[in-house]
Amino acid sequence: MHLTLEFAGGAELLFGKQKTHPVDLPESQTPWTIRTLLVWMRDNLLRERPELFIQGDSVRPGILVLVNDTDWELLDGLNYQLKENDNILFVSTLHGG
Amino acid sequence: MHLTLEFAGGAELLFGKQKTHPVDLPESQTPWTIRTLLVWMRDNLLRERPELFIQGDSVRPGILVLVNDTDWELLDGLNYQLKENDNILFVSTLHGG
Amino acid sequence: MTNIVRNHSLSNAEVQRYSRQLILSDFGVHAQERLKDSSALIIGCGGLGSPAALYLASSGLGRLGLVDHDEVDMSNLHRQIIHRESTVGKTKVESAQLTCSQINSSLKIDTYNLLLTSENILDIVKHYDVILDCTDNVITRYLINDACVLSHKPLISASVIRFEGQLTVWNYLEKNGPCYRCLYPQAPPAETVSTCSDVGVLGPVCGTLGSLQALEAIKLLTKIGDVLCNRMLLVDGLSMSFRTIKLRHRQPTCAVCGTNPSIVDRPAPPPAGQCTNDQPCRKNVL
Amino acid sequence: MTNIVRNHSLSNAEVQRYSRQLILSDFGVHAQERLKDSSALIIGCGGLGSPAALYLASSGLGRLGLVDHDEVDMSNLHRQIIHRESTVGKTKVESAQLTCSQINSSLKIDTYNLLLTSENILDIVKHYDVILDCTDNVITRYLINDACVLSHKPLISASVIRFEGQLTVWNYLEKNGPCYRCLYPQAPPAETVSTCSDVGVLGPVCGTLGSLQALEAIKLLTKIGDVLCNRMLLVDGLSMSFRTIKLRHRQPTCAVCGTNPSIVDRPAPPPAGQCTNDQPCRKNVL
């Protein structure tokens, strides 16, 4: 399954400073969800300091997850079933002023 | 054929101050182009002072036409063949400072 | 001036001064009157607070409150355009007040040269119609959010770092908008929090976001346009890209604005205690 | 300051002052040095020129040119945040220079209190690395465009009216970017041209667009990020929507930047003569 992963607000610093990552997930018996995507990302994209991105089975506090620019809370959160060509954006919250 | 027409930069003032107009064009033997769309707009949407929007068979100088956010000059201009659900944006150039 | 209706309370000098706003369709004299009768509180007179204060002071707003506990430093001047070389060493609120009053001597300005705490914030926030969060640290952002929810005030929040900015309006009751805690029930771990002092920020990014805060404040106070509520604007200055994301509604489980809130009398610290390194750890003051 | 490389020409005071920019990854001391060695010309010290000048003056730019032929009027102050009540009646360039020098006494400032014409513009533009069009009328926009194309200067152009703004970079040669005439070979009919005096403008909209002009200038001069070329940003402050449209490339048929240009020695009036009503008709001065 093809997805576009995007990172903003500094989250990209954990992913080689690259803001956009087109990825192809391998075929799977069970449907891909954000929960399983996070595991895949930890194993395949996130090489250093995973605790700055993932906490337990979710993202760490202070990171918003957007599916096609919509807050994952308006969808099924971790259980959202990914669809072909979805855009998943991870935004780290800024605090400077 | 369903289209979304949008107006910005003051062009909306000629179209009832409404920035977005979803429209359905009637079936046609020949394919719809921006050239024929402009005629349809003059007859169906543009009630007053058409010369402030249309000049000859095109838009007046100072109005940009965008097809799905791309300058019509990169497409076929007046001869661009409209496709279902195209977004056509008419932007009047601003000059204030 | 022609075509200005006469049933209003503006003086001729005000009509002249604000004429370029008055003639705006969707604005007019009545929006200008509402602005004159309104007040706004800017918390943080730094990178964001500078343009926000300058534009609100210019606009014809009636009263402006300015909060900061810091003094102007030379390293502020690359982005904090309300301050001057001559005000380095003065308090930021005094420096900002000076510039605002030079632009608009009719504006009433209240200054608060203090560190906001859960003890003092409610007493300040209650005197204003809208609050602008222009601060630079996580703890104060939770504090301001809680105070705004408890006081039923809309909160226009912006933040910047490096080349990026974020903007939204929290606690906009008319549209059931979420609060900061609805989105961020838990504070981020301290080691993930960067500040402008740590990693820098480019001045015009502050200018863009701070101006947009003033714009939202004017729209909100005059009741024109669509307030940026249930949405967040993400700005990336390096690529010059702008993106609006759709946010969740108010959360029934929220600790402060939910149906069974645990924060009821005064603001509370965020659940996961942490401090920023931009200023002394503030855990103790909350 | 730690981690700042030493092979640079900045003084300790400069390193301190601009530290929050220096520490930016993608920026650093060498970008700051380039900024110090650079110059920018702001044409129009009004709604857009105010924030653009303030942010460029603050940034550590070496030299800033300011052009305007007007005097500060009370009706400017609702949006032109570089001016003061005390400078009403003074020339705008003098008023702007005063504020910029108060913010940054190291900045060299050249002022041009004059109306630009096809006779004098080339002699001014040639002294600067980048030009910012912050003017308020069609005729001057063509004039500036032609001068920039003939002088091979990038042109950062913004415009505002009511609640809207537009921004792009013209004549960006590195990317074969179009010029103003490539997009607008013909000037609009006079009756379709509105000005801020006619229909008004909201101050923070100027603040947003002017700040973004300063941002593009800094990126362009320091060679960081993606310049807004072949693209145009459309801002609608009322709905808080931002949209980037994709523009045509440089047009071979363009009268000034094309393969067989008719405008070769000095700027020409736009083909369809017209004048704005914001100032005396300028057809005669071209």
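Order of writing sets the labels: A, B, C and D. Residues in every chain begin at 1.
Rule of thumb we're sticking to: a residue touches a chain if its C-beta (ideal position, glycine included) is under 8 Å from a C-beta of that chain, and two chains touch if they have at least 3 such contacts.
Note that the structure is predicted; figures quoted are calculated from it, not measured.
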Take the average of all CA coordinates in chain B, do the same for chain C, and state the distance between these two points in whole angstrom. 39
Counting in whole Å, what is the centre-to-centre distance of chain B and chain D, each centre being its mean C-alpha position? 30
Residues of chain B touching at least two other chains: none
Could you say which residues in chain D touch two or more other chains, in rising order? 162, 196, 201, 239, 244
Pairwise touch network: line, ring, star, complete, or other: line
Touching pairs here come out as A-C, B-D, C-D
Within their complex, state which residues of chain D touch chain B. 44, 46-49, 133-138, 141, 158-162, 164-166, 183-189, 191-196, 201, 206, 234, 236, 239, 243-248, 251, 272, 276
Counting only contacts in the complex, chain C reaches chain D at residues 13, 16-27, 51, 54-55, 58-60, 74-75, 77-79, 81, 83-86, 102-105, 162-163, 196-205, 207-208, 210-212, 214-216, 218-219, 224-228, 231, 233, 237-242, 244
Flag every residue of chain B that touches chain D in the complex, lowest number first. 8-10, 19, 51-52, 60-64, 66, 69-71, 73-74, 89, 91-97
